[in-house]
């Protein structure tokens, strides 16, 4: 098991090296372009060929813990930093790298090549990969901070007043959430003496009930989780970020924050597996997010804003899966996260296309788009069906599993919530579809120079992927379910 | 005894830095707070950290603050 | 229960609470940033105090260090047993070093943002800046 | 609903949650000292003496070296973000503005003292960086001290007339070199352990070789990147130098961009 773990750190280190290089080569556009494309192929390739296992940084093996002096409750601990790579991590990494690749290609295609901007995309990719892989709670914290700054930078690069404001809000609340995560880590370190997540969960189980200090640590870490994944009290901040970035970058940002949600929720469940109240709290915040996000989405008259709120409410749905707390529910939640980032990415890429072609995303100015770009309209219709859980597509499979899981967990009412959310999402996006592509009397000029062949190719590939997962769900779902069961949460 | 006085000074100067209306003064107080904090770190046996806190918290960051304040108000009070 | 430790924890709590207050309630954008700095300082002080051992000494091997220690397979473990049980707890100190740099980085980004926002809106008041939103 | 009502409601909610949070935090921290245990720190104190005298440096660069890599990168991210904030490399492109000088002139004493002080700070910073594994200090404080020296001269003499004049490109190169030293030392450990042992360990301390993986005489040296010193810190001084370069360049860049900022209109 140990021998195959050599390639694991490269998933984080190679993007960092490439980020340094493209930042260094800023203003040499040809080299930046070449390096970006080559390294993206490598990034997609590494998670596929890496085998499951753990990686011990600096080579520090498991050592005896001298329990009588160090007061650690388990006999052996990891002294270094550990990354673990399993089925869920593999699937998340593959989806993340592929979608990052699409975003970078879209950015390069629009002649927005800037080494500095590419560097930020690569650093955010590295940070989110590290968050997915990390088995060490402090390392996780360091990379969440990097992710916050890098995402803010991607938004700032638009250089409009609104994007500066959104980034500033994001950073301010990022400070609070970072401090609360670190304080939670400090409380855990002080009272259990450990930082490794696997060891920590074993030690907490060995120690019986959580100490009062541990309870506060749960609350603080949960607060940080809510911020990082854009759930209820922070949904406005997150949707502001999605809305003010370039749409093809929003496609990337929503992937990152949804995967961070999954990764950090898994950490919470592993560390505090014996603590039942955590599930109810998560479920409560998730339901709030779903309801508020979909209500806000229904009110919007601007495509990017609308999609941002849809993305936030779908993140709530993923959290509902975690809130159920059963292996079935958690697996369904992770599965929904994967399905959802694919269809949300299609919609954001379509928004990017609309923005380039018509120079606006305000719904009441747009119209009659179907005569201009029939293919994009058709794919948007399909993507709307996909995201609202209509049978041949992937979200149907995960939402159906979510409903089943909620019935199994004894709260069938949640099934109704899931169905209502699908309906609301469908209504919101189909309204946008109608206003962009069907409504007579458009007030916008069509930019003939923008052909957007690459965007068209990307959305067609993504919708085919959605269809593929919808037809063969077990290909993705079974490894996830086995992984979640093996965690024993 | 001196260490307790330092603790009190840190808490008090943090409050003062927030309450103070004049931003220049509040940054000077912040510098004092950072420096006392570095001294506390030294009393708490963390010499390495005290060095970093003294140089970053008490010299560089207040400098950046002053420059930012200068750039935002161009040397005048709001 | 060492009184200095308790006092230090409480001071850290006061720093965190003051910073939160400034961050949430103050209108001035630079005051908000000062608040962020104070929160970082408070969390650092908590971590440092976790590492403090009353009556211990600085985690730096001065007298016990063997200049001739061969770098193989930790054979000198027992030589450091006395040092390890008397020195203060060193792990939190290393974490604080990391966190100070993290705080400085986010702070400088926020300062730069504040300068640019001032250039756009000609005010330091967050309320005026965000007027007419959401 | 009017904006002011909305604002007021939000303030009340924020105030209430602030009170609750402060109560919980203070209450928890008050009783926290009863629960403290040595935990991992005991183990680190026990093992670190075999590598270098300064336990904190050993934890920072050996046991948790990868965290320090993250720490280096958050500084790089912040520097790049600051440059993006001021327009460098952003999507709209960067227009070089003429550098404004601070209007207030520095006094004679300031001008007389600043340069020697800055030189002293730079030299002091270099010693801190190089002695990081033995005495308190290391890459971060050392780099920050050097950056402070630069910042001092910039504030006193202005960006154009400063005797310690760094260009933007030069600082970017320095920080790139610093980060690459760190990253590639890690890759070296990965490659060497894979070659001799089969399993790769990123950031493996090839100089100390604590698990006897890289056998003596591998590339003609005793151990890869060993520091010629009886205390055998291995790769730690090299990592310290990389971090020091990166920190000095990063903080100087941030200071430079803040000094260059000016009103748009």
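Think of it as A, B, C and D in the order they're written, each chain with its own count starting at 1.
We take it that a residue touches a chain if its C-beta (ideal position, glycine included) is under 8 Å from a C-beta of that chain, and two chains touch if they have at least 3 such contacts.
For clarity, every value in this text was computed on a predicted model and none was experimentally measured.
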Problem set entry | Shortest chain-hopping distance from chain B out to chain D | 1
Problem set entry | Chain at maximum distance from chain D, centres defined as averaged CA atoms | A
For this session: Pick out whichever of the two, A-D or B-C, is joined by more C-beta pairs in contact.
Result: A-D
For this session: Let me have the rounded angstrom distance from the C-alpha centre of chain A over to the C-alpha centre of chain B, please.
Result: 38
Exercise. How big is the gap, in whole Å, between where the Cα atoms of chain B centre and where those of chain C centre?
Worked result: 13
Problem set entry | Between chain C and chain A, distance of the C-alpha-averaged centres to the nearest whole Å | 29
For this session: Enumerate the residues of chain D that touch no fewer than two other chains.
Result: 25, 32, 36, 38-44, 46-47, 54, 56, 64, 67, 70-71, 74, 77-78, 81, 85, 136, 140, 210-211, 251, 254, 258, 261-263
For this session: Specify, in ascending order, the residues of chain C that touch 2 or more different other chains.
Result: 14, 16, 19-21, 46, 49-51, 53, 58-60, 84-85, 88, 91-93, 95, 97-98, 100-102, 104-106, 108-109, 111-116, 120
Seminar exercise, completed: Among all residues of chain B, those touching at least two other chains are 47-48, 52, 56, 60, 64, 68, 71
Seminar exercise, completed: Pairwise touch list, complete, is A-C, A-D, B-C, B-D, C-D
Exercise. In the complex formed with chain D, which residues of chain A make contact?
Worked result: 2-3, 5-7, 9, 13, 16-17, 19-20, 23-24, 26, 55-61, 63, 65-66, 69-72, 77, 79-81, 112, 114-117, 119-120, 123, 126, 130, 138-139, 142-143, 145-146, 149-150, 152-153, 156-159, 164, 183, 187, 189-195, 211-213, 216, 219, 246
For this session: Could you pull out which chain A residues touch chain C in their complex?
Result: 69, 138, 142, 145, 148-149, 152, 156, 161, 164-165, 167-168, 171-172, 174-176, 178-179, 182-183, 185-186, 189-190, 195, 236
Seminar exercise, completed: In their shared complex, chain D is touched by residues of chain B numbered 47-48, 50-52, 55-56, 59-60, 63-64, 67-68, 70-71, 74-75
Seminar exercise, completed: In the complex, the residues of chain D that touch chain C are 3, 7, 11, 14-15, 18, 21-22, 25-26, 29-30, 32-34, 36, 38-51, 53-56, 59-60, 64, 67-68, 70-71, 74-75, 77-78, 81-82, 85-86, 135-136, 140, 207-212, 223, 230-232, 234, 247, 251, 254, 257-258, 261-265
Exercise. For chain C, which residues count as touching chain A in their complex?
Worked result: 16, 19-20, 23, 29, 32, 36, 39-40, 42-43, 46-47, 50, 84-85, 91-92, 95, 98-99, 102, 105-106, 109-110, 113-114, 116-117, 120-121, 129-130, 133-134
